[in-house]
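Each of the next two complexes has subunit A plus one more chain, namely subunit B in the first and subunit C in the second.
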Partner chain A sequence: MFSTVRERVGEVLLPGDEFSFEAEEKISLTAPVKSEKVVCGPGLRRCGDRLVVFKSGVLRHKEPNVFWIDSQQRRYVPAKGESIIGIVTAKSGDVFKVDFGGSEQASLSYLTFEGATKRNRPNVQVGDLVFAQFLIANKDMEPELVCIDSSGRANGMGVFGAGGLLFRVSLGLVRRLLAPHSDIRSDLEQLFPCELVVGMNGRIWVKSATVQQTLIIANLLQSAETMTAQQRQQLFRKVQQGAF
Partner chain B sequence: QRSSNELYLRCQEFGCEQSLLSRPDGSASFVQGDTSVMAGVYGPAEVKVSKEIYDRATLEVLVQPKVGLPSVRERSQEQCVRETCEASLLLTLHPRSSLTLILQVLHDDGSLLSCCLNAACMALMDAGLPMSCLFCGVTCAISTDGQIITDPTAAQEKESRALMTFAIDSAKHSVLMSSTKGSFSVHELQQCIAVSQKASEKIFQFYRDSVKRRYSKSL
Partner chain C sequence: MKDTPLSNCERDFLLKAIEEKKRLDGRQTYDYRKIKISFGTDYGCCFVDLGQTRVMAQVSCELVAPKENRPNEGIMFFNIELSPMASPGFEQGRQSELSVKLNRQLERCLRNSKCIDTESLCVVSGEKVWQIRVDVHTLNNDGNLMDAASIAAITALCHFRRPDVSTQGQEVTVYSPEERDPIPLSIYHMPISVSFAFFQQGTYLLVDPCEREERVMDGLLVIAMNKHREICSIQSSGGIMLLKEQVMRCSKIAGVKVSEITELINEALLNDRKARKAGGKCGFAESMPQERITALKKDETPVEMTDVTETANGIIQKGEAAPQTVPSPVVPVPGVGQVGQGLQNSWGLEDDDEDDYEEEKNDNSGDEQVEEVTKMDVGEGDVVEISDIEEEEVVILNPEVPEKPKNTGSKSHQKGAAASKKRQKK
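== the complex of A and B ==
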């Protein structure tokens, strides 16, 4: 089955497409048999002894045996370990309720900030932006966020300062920005200095020296979603030449 | 004069566009001849406690007619679309969430229910909701002299003695939903189902081509 899946890497697949063991696959009785392992990522699931696609998108592969469907989506579904930008909507007792754009609000305990104790509470108000990561995120339980990593340090997470602009983009653009050698990020670095926080729930926060530069960067990122690489580089060059 | 077994899809004029609306999580518009429907999907989103189901998502379908307020006819169309969607969506992956599907009729020239089903399937795919299989809608009309016409226009529907709409799934080509009106024999029903299953293959191939075109920019 590994070879049939490997063949179709790079193709566009639709929900309902499936991969199954062929009847002609023979197991040799004399030679040693290598056990095949196929790791399914997002978009693929196991149904009995078949592998079924349940989202439309492009089939991608990473060595040695990881396959997933790269799909374009706007709605975020929480997953453990992902860091997101959330908006604090309520303070109830010891817990903040944070809206991250999912089907329910996540809870963020005040003790999960760096250096927070029962006497030393963090300075978080309703309406603040927080950069946090999911500790618990499955379909059956209420999601929980934390602002520290496993060693107890903030590592860039926590409440945002004043200023800046928050806007929404699609999840595909966010993944392209966070990829290791992202060309959108390298194009952006050549423009003007700015502070950029990218949340995996499709929210981006930008802060630059002037309000105008902030707005230019926000507009560029929102329009980069639907452009090919060449169109994007042309646009960035035009902005650089006409930059204030 | 056509024989009753010949397959004729109206002008093969299918048109479809995805992600055309900026607010919904998924949107699509489907055009069959002169009939055109636009669909928008929101979800998985927050659900009211009175409507939540503990182990599945709650699916709501709204059909808005071109003129006037929704009436009983739209309610029955909504039920047909909702039953088809619930059969093919993996609702157990999003318990206690709501999925809302809104269908706006832009122009009705016959075969409206099947156009709604096709637009709904494309919008659900565009929103990235998990589906176990795709579905499509095919309408058949039986004329007074016994001919089977697929995708009838409004004029052909008026003169027919029976009108049937079937929702066919992509995995086993089985019938997910059927809505019929008029008088016909059991044999004619079975013939219409066979004709619809054959027509559904063309529609699924059209879905595949549309989605390939959409992802061609990022490939």
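== the complex of A and C ==
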């Protein structure tokens, strides 16, 4: 039934493109009838009996029938459970206000750090970076961040140490970096040793041995956004030859 | 909406990088970002890209009554609009500190330097003069809006043409561009502002600061200069103490930068003039057709035709299943037609067929020979033949299937059938 969508997987679609589903002309009498449901991810919307595209990007598919549009947008919309890099903008009472690049600031309670108690407050200053995940991400409520997982462990989250550079890339690049076998990441690993923190909100923090190397990595990642794999590898190779 | 705050780590990193004479985008201390100047369709519309910073300037003119104390001078009006499109921190319609500062700076740079001959803008003394209005819109803010705005404004003023007028007694006639060519403004010189950012109380100096550098700088020195190295305005903000040598150095750098930028502007203007004279499309907006019947007409797209035959053949090869679904009447012996009986079973056809094919291969030496022949043909023949041969294969297979259950030993029949088929085909 969803063959019309399925056959366009991997193609670039634009807002306004639509798929219509007509009833199948042949119905098998013997095969058991399965009700097929399609799950629409970002960029796809149901409109009556049609499926309308409202973001430009590449149509992706995941078995059995999840479809979404892989776009290069930069605006971040919080989603529950996603880890982000935020900047602490204010301390008010027992919560911190954190800017994460969304439409609203999120709140982060000082008790949601590992090992924090009423007595033992975490050392967070205004302007510090935190790596946290969303506990509440709801369009009607203030988003809420935590720096612990469900078992109370930090699990990599918390306040950043000194040094390093923060910069912004598109959300598409962030997802590519965080994918299980990311090719950009494996290319980058061959370059310099560096610490990299990737937030789902499009912010990347990088720290390397020297300022020069940090700058190189930041610029490479920002330019890798619009490159093909071949161009990127060529560039990385050039940098590697120039650097050593 | 609030602007994104600057984190401590960015601030520390930037200051550390500046100490090491490095900048975020790999520039040297005295380097400008890439400047791009382009023009709109109309006269007096100019876009300036300074790296990621982008501004647009539009010049317009109007006949107004002059100011009382200057009855024979035209009026210049400058306005910088900081729209939220440029940066989420800018608000529409509200005079922020920054916009006042930029407006004032632009006025000082262009009006107070008397770079435009305002007396030539007088039409009737004391009654009608031209008011030239320069609107600068910020489209994107990545720092150093002042330099981008000053380049855009002066380029737009150079590009602008005002309608020609004539006076006869008390009667003023304004001519449309069709009647008389519009007249350019008379511009004496082109003041261009150059910004210097100071860090660590003036220890380090950067030309053309980007947005993040602007946020961590201690002080800013803006020097407006023309290519004759005459300083038109100079402004220091941020409250830092500058040494005399530092200011002298800045003015020297500014001189070099201004001459470079002036050259670029002249080149851009010359290119635009050439394009307009040639009558071709020029400017950014002209690339979009408007309000024409042919707006939706598309040019014929050239289609690659090089390997069409190959792809077509490929499609034909893949489409070999077609004759199977509609089984042809079986021809057991030449000249005898048979319909219905012994027809191929179209239910679960594919599996059956393959099995049969294998069986055939195993126990049928005669057919194997045919196979071999076809294979050889495939090897040596050209592409066109392949499809033909494949069809032949189908032909051999087709009659084979129904024959099997009936009569296993009728090879001669089959061969005959196959041969007849072949003959029919050819």
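The rule is short, and it goes like this: the second predicted complex is superposed on the first by the 231 of 244 C-alpha atoms of A that agree within 3 Å, B and C clash if a C-alpha of one lies under 4 Å from a C-alpha of the other, contacts with A are read in each partner's own complex, and residues count from 1 in each chain.
Note that a contact is a pair of C-beta atoms (placed from the backbone, for glycine too) under 8 Å apart; a residue touches a chain by one contact, two chains touch by 3 or more.
Being a predicted model, the structure only gives us computed values, none of them experimental.
Applying the stated contact rule after C-alpha superposition, one finds that A:14 touches subunit B and leaves subunit C untouched.
In the superposed pair of complexes, A:127 makes contact with subunit C only, with no contact to subunit B. Applying the stated contact rule after C-alpha superposition, one finds that A:236 touches neither subunit B nor subunit C. Legend: residue contacts after superposition of the two complexes on their common chain; A:73 is shown touching subunit B, with no touch to subunit C. Touch criterion met: A:160 reaches subunit C, while subunit B stays clear of it. Judged by the touch definition given at the top, the superposed model places A:192 against neither subunit B nor subunit C. Residue overlap on subunit A between the subunit B contacts of one complex and the subunit C contacts of the other covers 103.
Contacts from subunit A toward subunit C in the complex involve residues 87, 89, 99, 101, 103, 125, 127-129, 160, 162-166, 205, 211-212, 214-215, 218-219. Against subunit B, the residues of subunit A that register as touching in their complex are 10, 12, 14-16, 52, 54-58, 70-75, 77, 102-104, 139-140, 172, 226, 228.
The part of subunit B that touches subunit A in the complex is made up of residues 19, 25-26, 43-47, 90, 93-98, 125, 127-128, 130-134, 169-171, 207-208, 211-212, 215, 217-219.
Only residues 1-2, 4-13, 16-17, 20, 22, 24-26 of subunit C touch subunit A when the two sit together in their complex.
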